[in-house]
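Quick one: the structure is below, and I'll ask about it shortly.
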Amino acid sequence: MAVVFEKTKGLTDVPFSYCPGCTHGIIHRLVAEAMEELGVLDKAIGVASVGCSVFAYEFFNCDMQQAAHGRAPAVATGIKRVHPDKVVFTYQGDGDLAAIGTAEIVHAAARGENITVIFVNNANYGMTGGQMAPTTLIGQETLTTPYGRKAEVNGYPIRMSEMLSTLEGVAYIERTAVYDVKHVIQAKKAIKNAFLAQIQKKGFSMIEVLSTCPTNWGMTPVEALKWVKDQMEPYYPLGVYKNTLEEVK
Amino acid sequence: MEERIIFAGFGGQGVLTMGLIITYAGMLEGKNVSWTPSYGPEMRGGTANCNVTVSDDEVGSPVIIEATSVVVMNRPSLDKYESYVIPGGKLFVNTSLVDRKPQRKDIEVYEVPANEIASELGNLKVANMVMLGAFVEATKVVKMETVLKALPEVFGKGKEHMMAINEEALEKGAELIINMVSTK
Amino acid sequence: MAKVLMKGNEALAEAAIQAGCRHYFGYPITPQNEVTAYMAKRMPEVGGVFLQAESEVSAINMVYGAGGAGARVMTSTSSPGLSLMQEGISYLAGAQVPCVIVNIMRGGPGLGDIQGAQGDYFQSTKGGGHGDYKLIVLAPSTIQEMADLVQEAFDIADEYRNPVVILGDGMLGQMMEPVDFENVKKTKRNLPEKTWATTGRGNREHRNVINSLYIDPPVLEKHNYVLFEKYKRAEQNEVRYEMVNCDDAEVILVAYGTMARVAKNVMNIARREGHKVGLIRPISLWPFPKEPFKKTVDQVKGYLVVEMSMGQMVEDVQLATECKKPVHFYGRPAGMIPEPSVMLEKIKQIAGGAR
Amino acid sequence: MAKVIFNEDLCKGCELCVNACPKKIIEMDMSKINVKGYYPATVKSENMDKCIGCAFCAMMCPDTVITVIK
Amino acid sequence: MAVVFEKTKGLTDVPFSYCPGCTHGIIHRLVAEAMEELGVLDKAIGVASVGCSVFAYEFFNCDMQQAAHGRAPAVATGIKRVHPDKVVFTYQGDGDLAAIGTAEIVHAAARGENITVIFVNNANYGMTGGQMAPTTLIGQETLTTPYGRKAEVNGYPIRMSEMLSTLEGVAYIERTAVYDVKHVIQAKKAIKNAFLAQIQKKGFSMIEVLSTCPTNWGMTPVEALKWVKDQMEPYYPLGVYKNTLEEVK
Amino acid sequence: MAKVLMKGNEALAEAAIQAGCRHYFGYPITPQNEVTAYMAKRMPEVGGVFLQAESEVSAINMVYGAGGAGARVMTSTSSPGLSLMQEGISYLAGAQVPCVIVNIMRGGPGLGDIQGAQGDYFQSTKGGGHGDYKLIVLAPSTIQEMADLVQEAFDIADEYRNPVVILGDGMLGQMMEPVDFENVKKTKRNLPEKTWATTGRGNREHRNVINSLYIDPPVLEKHNYVLFEKYKRAEQNEVRYEMVNCDDAEVILVAYGTMARVAKNVMNIARREGHKVGLIRPISLWPFPKEPFKKTVDQVKGYLVVEMSMGQMVEDVQLATECKKPVHFYGRPAGMIPEPSVMLEKIKQIAGGAR
Amino acid sequence: MAKVIFNEDLCKGCELCVNACPKKIIEMDMSKINVKGYYPATVKSENMDKCIGCAFCAMMCPDTVITVIK
Amino acid sequence: MEERIIFAGFGGQGVLTMGLIITYAGMLEGKNVSWTPSYGPEMRGGTANCNVTVSDDEVGSPVIIEATSVVVMNRPSLDKYESYVIPGGKLFVNTSLVDRKPQRKDIEVYEVPANEIASELGNLKVANMVMLGAFVEATKVVKMETVLKALPEVFGKGKEHMMAINEEALEKGAELIINMVSTK
């Protein structure tokens, strides 16, 4: 009998620290598989951000740096400018990327910095116990929007993929989800495309992944998947927002 | 009088609540009290504990190194906290989930099969209340009646339906100690 | 209102609201998240404003705007967040904007850990930001005191037109103790009206301007002297400390915040063992209390400074004692609590004449 | 004929695999608690031959618990 | 004889500190006239940013705050949340708004913060002697792009009006210029519209004004106007990018 | 290469390039803009990278990335910019990333002015960021020394895996003096290979990780001790200072950077007037030179610390003298130069026995 | 009949008004230097009656030098 | 020997360049030199100045309070810097733009109609060179021939066409002093 599916070499043996059913784990696996399949693990340098995925530096089986909250794109820029031929990526949450790190992500994109960003949008700050993120939906209850997010007070959720796609330096942006197998497969394809854009030196690439936070959403993991599909996806449409990739076989 | 108590177990076993109830009851009885929880990501499916002080005097260090009592709800907590009990102090062990005996000989050990009793009561979630009943009966840190007064305050609105079973669990735990002592 | 059992973070937030704070800007960070969450819940109830900023940098600048516009305003954060606020803090001090800044310290440097620690003493007392300025820094050691000092902090801020820092740690933020809000002193100060605030000109004769730029050096110098006159007043009037058992003490422990509670325990144990040990607990870290050292320096054999850090306040103690007696230090960083047994050992050594 | 293997001690009992399996053969083993304190997912041996080796379970598992062979 | 044109009451008597022919002066005047004509001078609170216009707090005849570099939108937010019925505006350069202040402007816009932003785009950092700004054109020589801005190294100029218009909280955004009388008149209309949006509590409004920096561009003031028209305008098209205003007579 | 006439900012930049720095990330700010401009011009010529960051916050984090990736990397800024870098600096220290950070100080607080001043001494030497860490801080006082110390700074950074700060001021940045780059010492240290850098794993056995997070307090504590062991080594080996005319001095002036040049002038005038005056010029501000004070404290009547600030280094001098002799202070903030006549007056008072 | 009045001491000699005037009647007065050290803009008295009071000059002047009456 | 010189005037009058030439020449003659400019936004149409020290010894303070010579190219500079000259020191005044006499009697004053001479030479921009010629002739801080060597270094490439008139201006300035002295 042949192995149909096994754990990728792109991950270390350290067990994930995520809550049960948190899709950070799936996304980690996809990134690791993409790197393994593209054969870039030995020249990859990843940047972990501050959020639940802060320990990503223990999980990805490649060189890693841990960046200050929101600054992963700046750290990745520093690395990439030293090693332009290595594959550099960041793994960032929505609080990290869309709140405190707004300037860094916008300017990395505008510079066309030749890095790949994995952007995990779970509509809240998981690590700190479930506060509002810039991506929190209107009406969504969080620790800091106990009466539900109100547009008049907190403004509107930001669609980062759309916003960043207005910038010329961007080579590839796609929004994906991992709430079922079909979307997991598509997400992996997207992540591979993003790395390919970097390998082809096209410029900045980012994959936004709609993810769950069952713990802070107060749902079972299965309910959480459904919430992504029913509540998040309508506001955050999936799809390719920018693509300058050369066709590859 | 100063009681310094550590409650420890898995996250989800309700050890923070146990501590909170004692703290609240202590306050109701006019004592000086302090409750300090563990916090942070290790709580995520990891272990939890809290330090509780109930004292006639001002509460000094909120962090307890020399505990008058320690309550352990699982094995890792026994391993970690057995040494914290002062000589002559009390150690409460949830034997349902702890598969070894304490090694200390200079302390009083209370063995409480809390999960089993809780499951007899029909709700595994009240294992902590069983243990708490035993603890209160054995230590008399606070009166059981004050604990009953503290319960609704700590649980807050929406948990009224749980009161009966919580009280029953407390009683069962207390009974266990009464029987233990009378048979000693 | 009877005593209520509350987390330090929550007591602090409630006390701020009772002190008339109606504007809070902040960004989540452990171990102060309960402040943010509490404000999010309570502010709408009292008609106040809770706004989660996009970062600590933004939060402190929102504080600048709101404070400059005349509001009682607060922000709270923990160590890395406070580092991000340093430019804003220097601006607040320079432009004389009153506000309260809470730092619930954790272990560092960098991302460090999230346990309560005291590694940010230098940052708050000496100046983490650029230029010559001072913050008034208050360090509570009980939950009741957290509530009391917050009230005081708003008053001091308004009286001096200066930022006031509440320097706590993760332990104080997370622990619960009973608090009596009746107890919280109501303002007794004669606070000046905020005639300088940018409220829109209305019928006012002159324009109000909030600013820290003085491009002409002699003018900036004059402004610096104005600030330091103010600081001198604060040094005269805002020193706070607690002395315990110092009358006959041969060895005096010096500690603030959570650490002072541990030190008090150790002092009691040492007393029971027959050692004449006292405790000086600075409550205002700036202005640093020099009097208790002046009063005791001739009588003691030495001081033992204990900190949950590698040693920061110890320098101020050395300066306050004018090096007349040995100042010893024992500390642990990273949120580890210095061990009572080690403290006892050191006390005995000092009592025995160790230099 | 296909087979799934669970690295049981890594399982957090989230049931995403249960939810994903088209053959509905995965269930939680309530008879044991793993080192992490969870009831782990399992396929009863009598159901294993219904497995088609689609690896849907493995693709949805956030904790790389599952290996699939065919 | 009647006065056809005189200095607005919206400005103080302090002479501008700008270089000869710098259009910061024209833009100041338009903002001040707009406030005067809308009758809001007595309830206006302005925020000066860091750049050549840092001294704006001496020029506008209303209450003012001087903000740290890039943070004017945060400062304005603080003010507006205290005085929701006052008229709050910021005056920011392109270094201030589009570089260091990126996070603040994006989030003020996303929140729909009910403030008005005057954004002066002069394609460089004037105050510090003419360095590259995010808005510097490809090929443009500055102190920090002595060989001309290169897309591969410095990325692409950011079009802030376009980017911010993707955000839902935005009520009004228009890009204008002041290189001739016709455009000056249009710019003033735009600025009035932005203030009106605020008065109507519509949310965030911003007017981008293409401006000159003759000193650092190394041109005469008249040449500089021409450069705006010939070089800047093609990359930064003028026009209304978002408008939710109710029609006013 | 003969002597060339250069601005301090330019000499610094050129020296960095000659020291092998090939990566510079920065953000414009007066009075250090010439560093940025020089780097923009020169880096492409030597195949290096000049990148203008979107802010100082980004710049310092780019430095973190590049330094962690093994490069010799530098940033430069002035006071407000350094405040914005504090979080990043704490991370650099925590993760042990070597780099050189230049602060060409100006008057503060807040926006202040743009004249050279010395109000950021505390920020750099005590810790403007959060947590327990130390930066090695070097303060040049001539343009030649700016060049020399930059070379040294890169070596120290690499040897200790720690950020090194060059603390200059606007005057030093803007003035021109002849520099001899032949003079710049070539590295004599035996620098370890950067086996820890994230260069991509390649054939390496282990993964390299740059990190400052140690979530378990005992582990973080251990890491803190590792850092402080390193700092202790630095305290032993990296102390630098200059002593002038101290052998017979009754009054010793203490000053660093630009201020030390003024002090030297005054010392000469005072000597001519018959006063026995010397000068101690700390070059490393951290580790602070204690030896020159130990050597002189018995012989002098007192010290006069002069700073272009309201008084910051004076505390370190008090600590270094162990309060054995009076330490007087005279300073002016805001970029104003303390007046020689006042200094002379004070010298005479101290010589006359003033306490 | 229209007239422009220059607040001469504020003028920085930038010539934007010169450039804007449709009647081309504004010129720089090279015969004097104002307090700021510039040659100020002016309309020679013999040309003033050509002024149509369009205020283009005033609208383009960055230093609020010009008042227009009509 | 230590010469401490302040050059001051409007921005655009070339006072920084004057200082730079002396500094450069001093360096060429093997002296210790230092040049410190004013900087910042006040330069924008405002005043400019620089402090130059040429010394046999190490240069102390780069900021000059007690100047051996002061050169003022406009009236505000005279008002500001007249008091900086040490007794017996020299003050050079550009009488073309300064409408008052210096008040000090304890110093040597040199009156140089620099703009007028420059305009006679056909280029107002070389007023600073006229003044510099006078300054060098009167102070001998550096040799005129060294100044001539320094010129191309300071002006750099692309200014070669200006050399002749610059030299002429320097000469005119120097002549003025020679005549002044001889007629004294």
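Labels A, B, C, D, E, F, G and H are assigned to the chains in the order they are written; within every chain, residues are numbered from 1.
Here is the rule we use: a contact is a pair of C-beta atoms (placed from the backbone, for glycine too) under 8 Å apart; a residue touches a chain by one contact, two chains touch by 3 or more.
As the structure is a computational prediction, the values presented were derived from the model and not from experiment.
**Q** Which chains are shared contacts of chain A and chain G?
**A** E
**Q** If you count the C-beta pairs in contact for each pair of chains, which pair comes out on top?
**A** Of all chain pairs, the one joined by the most C-beta contacts is C-F.
**Q** By mean C-alpha coordinates, which chain is most distant from chain A?
**A** The chain farthest from chain A, judged by C-alpha centres, is H.
**Q** Just give me the whole-number Å value for how far the CA centre of chain F lies from that of chain H.
**A** Inter-chain centre distance comes to 35 Å.
**Q** Could you give the separation in Å between the centres of chain F and chain G, each centre being the mean of its C-alpha atoms?
**A** Between these chains, centre-to-centre, one finds 53 Å.
**Q** Taking each chain's centre as the mean position of its Cα atoms, how many Å separate chain E from chain F?
**A** 38
**Q** Which residues of chain H are in contact with two or more other chains?
**A** 40-41, 45 - these are the residues of chain H that touch more than one other chain.
**Q** Among all residues of chain A, which ones touch two or more of the remaining chains?
**A** 18-20, 54, 66, 68, 99-100, 102-103, 106-107, 127, 134, 154
**Q** Name the residues of chain G that each touch 2 or more other chains.
**A** 12
**Q** Can you name the residues of chain A that touch chain E in the complex?
**A** Chain A residues touching chain E: 99-103, 106-107, 110-113, 134, 151-152, 154-156, 158-159, 162-163, 166-169.
**Q** Quick check on the complex: what are the chain C residues that touch chain E?
**A** Residue list for chain C touching chain E: 23, 25, 49, 51, 53-55, 57-59, 61-71, 73, 87-88, 91, 95, 198-203, 207-213.
**Q** Help me check something: in the complex, which residues belonging to chain E touch chain F?
**A** Of all residues in chain E, those touching chain F are 50, 54, 66, 68-70, 95, 99-100, 102, 125, 127-129, 131-132, 134, 143-147, 153-154.
**Q** Which of the residues in chain E come into contact with chain G in the complex?
**A** 1-8, 11, 15-16, 18-26, 29, 180-181, 184-185, 214, 220-222, 225
**Q** Can you name the residues of chain F that touch chain E in the complex?
**A** So the residues of chain F in touch with chain E come to 27-30, 33, 36-37, 40-41, 44, 50-52, 54-57, 80, 110-111.
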